[in-house]
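The following pair of complexes shares a single chain, subunit A, combined with subunit B in the former and subunit C in the latter.
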Partner chain A sequence: MRKNKITFLVMELLLLILALFFVWKIFNQNVPEKRVAVVLPEAGDNRWDALIKGMKQSAKNNHIHLIICNTDEMESAEVEQEIIQEQRNNQIDAFLVWPASGSETEEMLKNECADVPVILVVENVYNGDEQESSTFSEIGPDYYEMGALLARELGEDASKIGIVAGREESEASTSAVRGFSDTLEQMKGEIAWCYYQEEDCNVLDEIRARAPVDHLVVLDSRTLDRIGEQADNDELKDIRIFGIGYSVKSIAMLDYGKIDGLVAPDGYEIGYKSVEEMAKKLQHRFYKTKSAKTTIKMIRRDDLFQDEDIERFLYSYE
Partner chain B sequence: MILLIFACSGCGNRHPEMKEALHVGVVTYTQDDPFINAMTDKLKENLKSMETEDMKIIVSVKNGKDDQQAQNETVEEMIDAGCDVLCINLVDRTVPSRIIKLAKQNHIPVIFFNREPVREDLLQWEELYYVGCDAEQSGIMQGEIAADYIKDHPEVDKNQDGKIQYVLLEGEAGHQDTISRTDYSVKTLIEEGVQLEKLSYQFADWNRGQAENRMTRLISQYEDGIELVISNNDEMALGAVEAYRKSEYAPSEWPVIFGIDGLDSALEAVKSGEMQGTVYNDKEEQALEMARLSLEIFRGENIYRSQLKEGRYYVSQYQRVDSRNVDDFLKH
Partner chain C sequence: MKIKEDKKRFHKEEFSIQSIIMSVLTAVTLVTIVIMGFLLYHRFRQTMDKTAVSDTEATVESTVERINLAFLDIRHIFNAANYNVIQEFDISSQEFSKQFSLLYEINSDKIQSIALYGKDGKLIASEPVAMEKNNADVTSQSWYCNAESDIENIQFSLPHTQNLFRDGSFRFYRVISLSRSVDINDGERPGSGVLLVDMKCSVIEDVLRQINDSSDGIYYYVCNRDGEMIYHPRQSEMSRGLFAEDSSPASGYEDGVYKMSSGGTTEQVIVGSIAYTGWKLIGVIPQNRQTTSSDDLKYYIFITIIVLLMMLLGGNRIISKKISKPIWALDESVKAYEAGGKPDIYIGGSTEIRHLGHSVQKSYEQIEELMDEIIRQQNERRKSELAVLQNQINPHFLYNTLESITWMVEAQKNDEAVLMITELAKLLRVSLSKGKTIIPIADELQHSRSYMNIQRARYKDSFKTEFQIDDGIKDYCIVKLVIQPILENAIYYGVGHMDEDDDGKIIVRGEKKGEDIYISIEDNGMGMPEDVLKNLLTDTNKVSKHGSGVGVINVHSRIRLMFGEKYGLSVESEPDEGTRVVIHIPAIPYTRENAEQLEKQPCRQWRKEDEKK
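What follows is the complex of A and B.
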C-alpha cells in the first residue's frame, strides 16, 4: 500500500514536470523577436549593400527582427534625431546607428537613447578631441590605419599629394587624414592641400581650383565614386588616384584602371558583428557591449583575380 | 499613489511636438537604368521642394536588383520601417500581387510608374495609381521620325535597292513595352510607304553595354549592309553608336539610328549627328505628377486624383525629337 502511494506520487511529480515543460515551450515560442532599428543615411544606396547583407544574415542567426529605416541624406544630428524619435514609436528595442557628422550627435544620442542600447556602426561620433573616446560601443574599421595604409602604398616617391576627405566634423575623416599625415611625415611625400568635401559642392571644381598634384588621395567612399566616374577627364588623366571605398562601383573602377589603389573595409563583417553584439546585449540585460575594429584590405588591380584572400573578401560585395 | 507614479513615468518618455513628416518609399526595378535614375532624382527634387516649415518629406530610394522577389522583400522592409506612400517601378509588371497585398494590408497607397501593371491588378484597390506613358505612341512617333528622315534623305538607302535594310535592338523578350514599341515603329514605317527588309533583331535588356556587344556582332555579320537601326530605347541606341565608333566605318558610312526616351546623352548624339532622332519621354512631367499625387494622398486631398483617367492613370505625352528641335530639349 505504502509502496503504491510512493509510486503514485513519483508518477504525479513526473507528469507535473512534463506539463510545466510544455507550458514553458509554448510561451517560449510566442516570445516575439527583439526589434533592432538600423539608421544609415540613404539606406538604399549601394554602398551599404555588403553591410546590410551582413546585418541580415546575423539577424537571421540571432533571431533579431531588423528594421532598416527609410532615410535620405542625414546632414545633421537634428535629422538623425527625428528618425530615432519616429522609431521609438515603432516598438524598437535597440538601435544600430551610423552617427551623423557634427559635434552635437553624441549629446543627441545620449538623450534620445538613454534607455535603449545603441551601437555605432562604420564610424564613431565626432567629438573634436582626439584623446577623448566616446561612451558608445563602435563596430567599424580603423580609419587612422586606413589613412596610414594609403600613405605607405603611395610610398617614398609620392611628391605632390592632394587629399579629399569627407565632412570635416566626422570621426572617419579626421582619423583617416591624421593617419595619412602622420605616416607621410616619416616619408618624403608632400601634402599640397587637403579639402573636406561638403554637401552640394562639386568636388571636381574644388580640385580644379587648387594647385595641380601628381597623386590624389580620396578618403571618402562616395566622393571616390564620383571622382572615379570623371577619371577620363583630361585634368585627372595623369593623376594617380587612391582612396577608401566600400562599394561595388569602387571595385569596378579599380578593375577598369580608373583608380590605382583602394583600401576597403569589410562591410559584411561590420554588419554581422554589430547585430551579433546587439543580440548579446538584448539577451543578457547586464551584458556590456564591446567595440571592435573590423578587417581592412589594401587592394591593387593585380590582386583582384590573383589573390584568393582578396577574392574571398570581395565576395560580400556582390 | 501607485497610479500617480505610473502616470509620471509615462510623461517622461513623451517627445516634444514633432514636425509632420511624409515618408515616400521609392523602389525601382534596377539601379542601372539611367532613365529611371534620372526620373527618381527629379521626383526627389520635386518632393523636397514641397517641404514646408510644418511638414518634412523623407524620400527613401531602393532598387529591386532586377528580381521581383527581392523587390517584394524590399517593399516589405520599407513598410515595416514606416511609409506613407510607395512609388514602385516593377521588375515584372505581371506579378505585382504581393506588393498590392502588402500595401492594402497596411493601408499604404501605391503609385506604380514607368512599368505599367495589368489593368485588372490596378483595379484590385482604389489606392493604386499609375504614372507613365503610352508605349504604342512612342513606337508610332519613332516610326514617323524615321520615315520622315528616310524620305528626306534618299542616301539612307546605301545600296539603292529601294528597300531599307534594318536591325532592331529590343528591350526584354515578352515585355509589353518592347512588343508595343517594336510593332508600332515598324508598322508606322510601312504605313508611311518605307519598304523595309529586316536583317536581324536582338534583345539587349534596355542596356547600353549589351546593345554594343550585339551591334558589334551584327556589324561583323552584315558589314556596311545595315541602313537603319531601330532601338526600343536610347541606352541601346547609344550602345549601337558606341559599336560604330569602335568599328572601321567612318560616320558617313553609319546607318541611321533612332531611339526612345530623350536621355541627355542621346540628345547630344542627335545634335552631333550620330543619332538621327529620338522620342522624348517626359520624365520631368511624370516626376512632378508623382510628387503631387504623393502629397495629395498624404493630405487626403483630391485635386489631382480627380483628373486622373479612370481615377488612377496619368499618361504623359511623348514628343518627337530630331536635329531641327533637339536644342529645345537640351535646354530642359
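What follows is the complex of A and C.
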C-alpha cells in the first residue's frame, strides 16, 4: 500500500513538473534574439552594402539580432577599442569585427572580448609574422590569391608597375602585395614602387611624387574608388588601373572604363557565412568557430553584362 | 534458459489488486487522452493548413492583381509615349522633347528611364537625359532584338541590370524593359525605331518583399514558364548555392493549389499567373512550417493532457482504493489467522466482499471446531496407547517372578522365597500406584531396587547392582516402570550370563542438569553389535524374547508420548565393553497438580499452553 502511494505521488510530481515545463515553454517563446554587434569602419559606406545584406539575410535565417555599429574611420586599435567597449555596455552576445590595422589590435581584442565570441570579417589581424596565425577565426577572402590574380591579369607586358596598398600594418595589404609580387616575379614583371598608405596622406600626391608607371595596381578598395574618380586627370590618363574593390562604385568605374580590371571579393558571402558561423557558436557554447575563405571574382569590363554570374553578383549590391 | 527463468520470475511476482486496477485504469486513461489529444491537434493542424492555403491563395491573387496593375500602368505609359508623343510629334520638335520629359516626370516613381532608339540602334531621345555608355551596344541587347523580331506587340524582358547610361552616382539599376518597334516622324521622312520603357524592378520587388516579410513561414517567388527564377526572397543565397529551390515543376502548373515533393518533404504550392509576361507567382507552404500559434496549441494540448492525466490518476487511485481496501483488509485478517492469531475476520465493503468475509469467518469457525475435536480424539488415543503399553508389564513379570518363588519353595529356600515375595509385594505396590502413570522418581527407584533384588536372587548374585542417585531428583515426576525394562535388558543382554568371577555390574545413576533429568543404566556386559544398536529405538516390530517382554522401544515410546519428541532414551554400546542407556526426561516437580495435569494430557500439550500464556 505504501509502495503504491509513493509510486502515485512520484507520478503526480513528474506530471506536475512536465506541466510546468510546458507552461514555461508557452511563456518563454519570445526569447530575445542573441545580439551580435558588427564593427566595420565607416559602416554606412556603400562598399559594405553586399556584406551587410548577406549578414542581414543570415541573421534572419538564424534568428540573430544584428547591431551595425555607427562608425567613422577606424585608424587604430584604440578607436576600435572604444567602439567595442561602448557595445559591451549594450549587452552584446558576440562581435563580428573588421580588425583595425596595427599589431596591437589582436591583443586589444583578446582583452576586450575575452568572454564573448569574436569572428573577424573581411580581413585578419596583423601580427607582423606571416607564419604565425591569429587566435581568432576569420571569414574573408584570400588576399594573397587576389594579389596573385591581379598579377596574372596584368600579364607579361606589364613593364612598369606601381602598387598602392592600404596600411602597412594590415594583414590584407601585406598579403595582397606579397601575392602580387610573388606571382609577378614568376612572370618577369617589374614593380617600380610600392606605396603603403599612411594617415592623412594624399594618394595622388604620393603617386605624382614617384616615378611614372604605366600600370597602377591599387590593393585597397577605398583608394581604388578615389583613384578611379580621378582617372581622367592628366597624371592618370595614360595609366592602366587595376585593383581590389568591394563596392558597386568600383564595378561601375570598371564599366565606365575608369579602371581596367577588378578583383572583387564576395561581400555577401562574407557577411552571410560570418553570421552563420557566429549563430552556431551562440547556439552551442562549446562549438569552435572555423575560419573560411570566401569567393573572389576577377571582373573584366567586357564580361560585365555578358556573364550571368556577374549579373547575379551585382544583384547582391542592390 | 535465462529468459525462461526471467519469465518464471516475472510470473511469480505478485501484484496487489490496487496496483492492477490502478495500472489498467491508468493505461486506458492514458491511451484515450493521447488519442484524443492527437486527434484534436491533427484537426487543428488541418484547419490551420486549410487557413494557410486559403490565406496564401488570397495573397497570391491580390499580389498578382497588384503586379498586373503595375504592368498595366507601365503599358499605359508605354502606349502614351508611343501614341500620344512619338506618333503625334516630330522627334526633332520642342514639343516632342517637352511631352517626352513630362511623361517621364509624371511616372518617375515607376520607370527608370524612357528612351527612343533609331533603326540603327542610335539614341534619338531619352529621359532622364544621361550620357550614353560608349560600350553599350543596344542592338545586341535582348529587349532590342525582341522588339525587332516581333514588331506588333510590347515585349517584356526579364529583370536585368540596365546597361545604357552612365550614372553620376556610380550605380546600377535593375529594370524590366518594355520595348516595341514604333513609327517615328522625323521631319518629312517617316521612319521606325524602338521605344524602350525601363520599369523599375523595385515596383514589383517591393510588393513581393512586403508579402514575404509579413508571411509566417510561407514564402513567395516569381519565375517564368521555363522555371527561370525572376524573384526569390533568398535569391542571393541561391546564386551562391547556399539555398536551393526547384521552380521547374511549379512553373508548369496552371493557377491553383498543388502538393509537391521537395527534399523529402511535401509542400503545398499555390500558383498564380501574371498577365502580359506569362510569369508565375508561386506561394510555398512548407510542410515543416512552424508557426507560433501551432507551437502554442501543441503546448496547450500537452498541458491539458497532463492536467487531465493528473486528475484521472487521482480519481483512479480513489476508485481502486475503494475497491481494493475491503479486499486488502479481508486478506490481512486471513493472513493473521494463518499466522496463528485469532483475529476477527474483516467484514465490510461491498455486498460481495461482506459475503466473502462471512463465508471465511464461518469456515474458520468450523475448522476450529474440527481441530478441537481432532485434538480431543488424539489425546484419548494416546492415553489408551499408554495404558496398553503399561499393561504389557504385569503378566510377563509376574509369571517369571512367581515361577522363581515356586522354584525356591520347592528347593526349601524359604528365607530367599520370603525375601522374593517381600520385594515382589513392594514392586507390585509401585506398579499399581493406584492406577497412576506419573509417580515420583523415588518410587520408580524403589521399584527398580525391588526388581533388582528379585533378579539377583534369581541369578544367584552373579552380578552386582549400584545406585548412585542425587537426592535432589527424587521428588520429580517420571513415567512409571521405565527403569525396570532397561535393567531387564542389561541383565539379559549384558551381565546375566556372566560368571561371578567376571565382575558383572549394573550401575544406575541419576542427576539433574539444568531443566532436565538424566538417569543412566550402565552395564559392563558383552555390549551390542552396531546393527542391533542402530535398530534398538526404531524397530517397533521387535518383541523381547526375555524378561517382562517389554522392550527398550516400549520405554522410549512412552517417554516421548508423555513428555515430547525431544525426550526419551539414548543408547551407547561397545561390543565386549558394555552398554549405557540414558533416560532423558524433563524436570517436573512431583505435585498433585502436576501429576494430574500430566495424567490428563501429555506434557508437550501442557507445555505448549504454558508458552502461549
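Here is the rule we use: the second predicted complex is superposed on the first by the 292 of 318 C-alpha atoms of A that agree within 3 Å, B and C clash if a C-alpha of one lies under 4 Å from a C-alpha of the other, contacts with A are read in each partner's own complex, and residues count from 1 in each chain.
Everything below uses one rule, namely that a residue touches a chain if its C-beta (ideal position, glycine included) is under 8 Å from a C-beta of that chain, and two chains touch if they have at least 3 such contacts.
In this text, all values refer to a predicted model and were calculated from it rather than measured experimentally.
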Broader residue contact with subunit A after superposition on the shared chain, subunit B or subunit C: C
Which superposed partner A:Ile67 touches (first subunit B, second subunit C, both, neither): first
First, second, both or neither for A:Asn4, with subunit B first and subunit C second: second
Which of subunit B and subunit C A:Cys201 touches, first, second, both or neither: neither
Partner chain(s) touched by A:Gln85 [first = subunit B, second = subunit C, both, neither]: first
First, second, both or neither for A:Arg301, with subunit B first and subunit C second: second
Intersection of the subunit A residues that touch subunit B with those that touch subunit C: none
Subunit A to subunit C touching residues, read off their complex: 1, 4, 8, 11-12, 15-16, 18-19, 22-23, 25-26, 29, 53-54, 57, 248-249, 251-253, 255-257, 266, 268-269, 272, 295, 301, 304-305, 309, 311-318
Touch list for subunit B against partner subunit A, complex: 13, 15, 18-19, 21, 23, 25, 31, 44, 56, 58-63, 77-78, 80-83
Touching residues (chain side subunit C, partner subunit A) in the complex: 16, 18-19, 22, 133-135, 160-161, 163, 166-167, 170-172, 174, 234-237, 239-240, 242, 292, 295-296, 299-300, 302-303, 306-307, 309-310, 313-314, 317, 328
Of subunit A, residues touching subunit B in the complex: 37, 42-44, 46, 67-72, 82, 85-88, 90
